[in-house]
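Got a structure for you, questions after.
Order as written gives the chain letters A, B and C; numbering starts at 1 within each chain.
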Amino acid sequence: MDEILLEVDALSRSFGGLKAVNDVSFAVPHGSIKSVIGPNGAGKTTLFNLISGMLPCHSGTVRKNGRTITGLQPHKIARLGICRTFQTTKLFARMSVLENVMVGRHTVTRAGFLSGLLNLPWTWKEEREIGQRAMQLLETLGLADSASESAANLPFGKQRLLEIARALATEPSLLLLDEPAAGLNIYETREMADLVLKIREWGITVLLVEHDMSLVMDISDEIVVLNYGRKVAEGEPQQIQRDPEVIRIYLGGDHA
Amino acid sequence: MSFDQFFQYFLSGITSGSIYAIVAIGFNIIYNTTGIINFAQGEFLILGGMIGISLSSFLPIPLAIAAAVVITMGVGALIDFLFIRWLKNPPVLRLVIITIGLSILIRESMLHVWDEKVRTLRHFTGTEVSSVKILGAYISPQVLWVLGISAVIVIALSLFFRLTLVGRAMRACADNRSAARLCGIRASRMVTFSFMLSAAIGALAGCVISPLTQTQYNMGSGLAIKGFTVAILGGLGNSTAAVIAGLILGLLEAFSIAVMPLAYIDAVSIAVLLVILFFRPSGLFGDREASALKEF
Amino acid sequence: MHPRLRKYLPISGMLLLVVAVQLIVSASGANYYLTQLTMSAYYSLVILGLCLLMGYAGQISLGQAGFFAIGGYSSAVLTTIDLVPYSASELVVALKRFGIVVERQDLYGNTLLSFAPWLAFIAAVILTVCIAVVIGIPVIRLRGHYLAMATLGFGLIIYRIVLGTGFLGEADGITGVPGFPLFGWEISGSLSRRISNYYIAWIVVLLAVLLAMNLIRSRVGRALRSIHGSEEAARAMGIDTAQYKLATFVLSAVFASVGGILLTHYNGGIGPSEVSSMKSVRYVAIVAVGGMDNLWGALLMSTVLNFLSLRGYFGSYDDAVFAAILLVIMLFFPDGLLRAPGLRNLANLGRKLLSFPGRATKGKSGNG
């Protein structure tokens, strides 16, 4: 629990003249749930984009298990065990729910072009396992009934769950959840919180960006607060709740 | 190469270059207002030329050209009404294919109206054999017409976009559609105008170049490719850069004649296109990061 | 029926249809129809490759005719090259012994010495792969308009090269291409072999469909469809989208090239008209009409439209018809004709009966 899984070190990124992420550093301990919060425009999603490799950093490093991953392409970072979900769900709309999760198994399987074209026998077993594992995940997340439905037909709350199921299929060691509770009602948010706790129980470290304060305060082991791209506070939930700077940002004086 | 030869190539280069620039500007006008690349841009030139040629048999040339421009503008507006106006946020791919289909349809219609004969518009001044001597090179007076009218088009357009209400409305639309709409500018009307404007300059260019290059129903796509190359070379949407880029391409082609067989000359512009697309799609003067983030 | 076998039902159905058509056509004494049907088959190979590229990898290509030409012209050049002046050299004698260089008679009884068709085939495909990789690496990074233009440009360059180069026949193309011997039969235009050629062509197509179906249902096929669905999400799942797009680009190039090679042997020659941008546009139109990711739709449309076009039913309006089709489909039926609401129920019914590959529907197992 004390080992550091992810280290973000002096990360910076500008858009034109605007410093979206400005010299941000923090560490995510192995097996913990860490949340990144901050007003709109504070740089949270940009931070995620930097960590997952979708945006190049202008300075600073990101390290996983001591290994530098800054500058790597997104798919390579995914293969290193870091998987992310998206703020606006990016499901594979024309594929079924089950197939969406099956895509998540891509990094842990091998069948290539030639074996695919020729439908070689050794791939049959792999395909079967992919389907089974995907189905298991769907069952765990309560989506098994919709397995063969088109992903686009799912109600919004279930789509969010599907994104997470898909990410879990990659067997990540670090899960980046981008506003998992966005658009969810009170009950769905409660279920989401339980799910994230369960994910931690499975040994997966979670870094999440969220606006829903009750969710964040409830389940986080540690919280990082960003404002205007800078880190203004870091610590356990009670600390953060009492931090005068954080209070000022959220309750008065500052408009993000 | 003697200076005379050099100057001959040079003039040839800037003549074709100005036409390419006009085609590119036509692309840019529509692209800026709508985000669409109008593959049928080349057809506007040929259509204008053909109409001008047909009308010139019973109208004086200036009137024939004016009428050709107006009619082609009508075609531009028609394209907008029939194919573009009622599409709501279509994916880029669909638009690409639609304008390709349109260009073919227009071309085939021209084939059936004017058949595959090569036609020419009468020279504006003089005949095919008259020539004017400039700095040692003998050129047809039509060349001066091309350069002159191209310059007039470019200047008129920049004045139009800078000074007139409609022009500024179009620029506003290009910059920020929703904001423009909040100011009372009807975006759909601007789109129609942009098609009409592109069609108009295309038709004018098509008429003025006809005495030199002649006009045939299938020349549109070649012009479109070159015009597109120039537009990309300058940076898509940037019409000032398009002028420079057009001259560059024109000169490149002209001087290539000195070193390679004629049959391969067209390959020069395509090669330029591929090089630009592969290595610097934002063009010589474009903003690299902005174009990387754009959804083309 | 065992689920694994169920997916082969449509192919067997197709095979029956192929046989049925031949029997009907021959019985009614209209064997000349078989010629256009055979040609349609080879064009369909191009279509299938493009379907994989457009419908599954989500990349448009307006340059497939270019790859068709690379295949066709390479094999034409190699099988018509005149090696007789070198027949005394040791190298040629050795090649002859291994069957790499073969002898044949031309119309006037002269002996000709050229490369064997099977060697030309392999060489042409290798050349295609090389060019596709070289062109593909930069092209695959482009999107939308730029991708369309780049592929169009590629096709045009091939056209210009073919039109302007002496040994490629310039405007006349290459003729006198010999038949392609295949397990005792021969791919050629000779009238006596019309029926066997028809079957050869359609069996090749069915094999291609089989390969394509296998690919679509495989892990790679899923990855491709995910790229089409959301490239960003696909990358987040660890899929190297650039590599997959490139591989699909090369695969579609190979399909087009093989179509070109075989058609060239069937026609006994090839000309620049096969490389025109109009051909590339047609291929795109056909894939669009059939429904971009619908293999069977594309195949059906390809057969019908190519057959009609080759028979001359569109007359001088040939190009205009394809353009019109393109426009109508893009404007009103962007998902293809066979996905239009009214027809969807029919398609669903057919799909349920025959396990067509396609979008997931309610109540069906999603496991490939």
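Couple of notes before you dig in:
By our rule, contacts are C-beta pairs under 8 Å (C-beta built on N, C-alpha and C of every residue); 3 or more make two chains touch, one makes a residue touch a chain.
Note that the structure is a prediction, hence the values are computed from the model and not measured.
Each chain gets a centre from the mean of its Cα atoms; the one farthest from the centre of chain C is A. The most central chain, judged by the distance from its Cα centroid to the centroid of all protein Cα atoms shown, is C.
With centres set at the average Cα position, the gap from chain B to chain C is 35 Å. Separating the CA-averaged centres of chain A and chain C is a span of 42 Å. Distance between chain A and chain B, defined via averaged C-alpha coordinates, is recorded as 48 Å. Against chain B, the residues of chain C that register as touching in their complex are 60, 62, 138-139, 142-146, 148-150, 152-154, 156-157, 160-161, 163-164, 170, 277-278, 281, 284-285, 288, 316-317, 319-320, 322-324, 326-327, 330-331, 334.
Per the touch definition, chain C reaches chain A in the complex via residues 4, 211, 214-215, 218-223, 225-226, 228-230, 232-241, 247, 251, 293, 359-368. Listed in rising order, the residues of chain A touching chain C in the complex are 52, 54, 73-75, 78-79, 83-84, 86, 90-99, 102-104, 106-107, 109-113, 115-119, 123-124, 126-127, 130-131, 147-150, 166-167, 170.
Within the complex formed with chain C, the chain B residues making contact are 37, 83, 87, 90, 92-94, 96-98, 100-102, 104-105, 107-109, 111-112, 221, 225, 228, 232, 261, 263-264, 266-267, 270-271, 273-274, 277-279, 281, 295-296.
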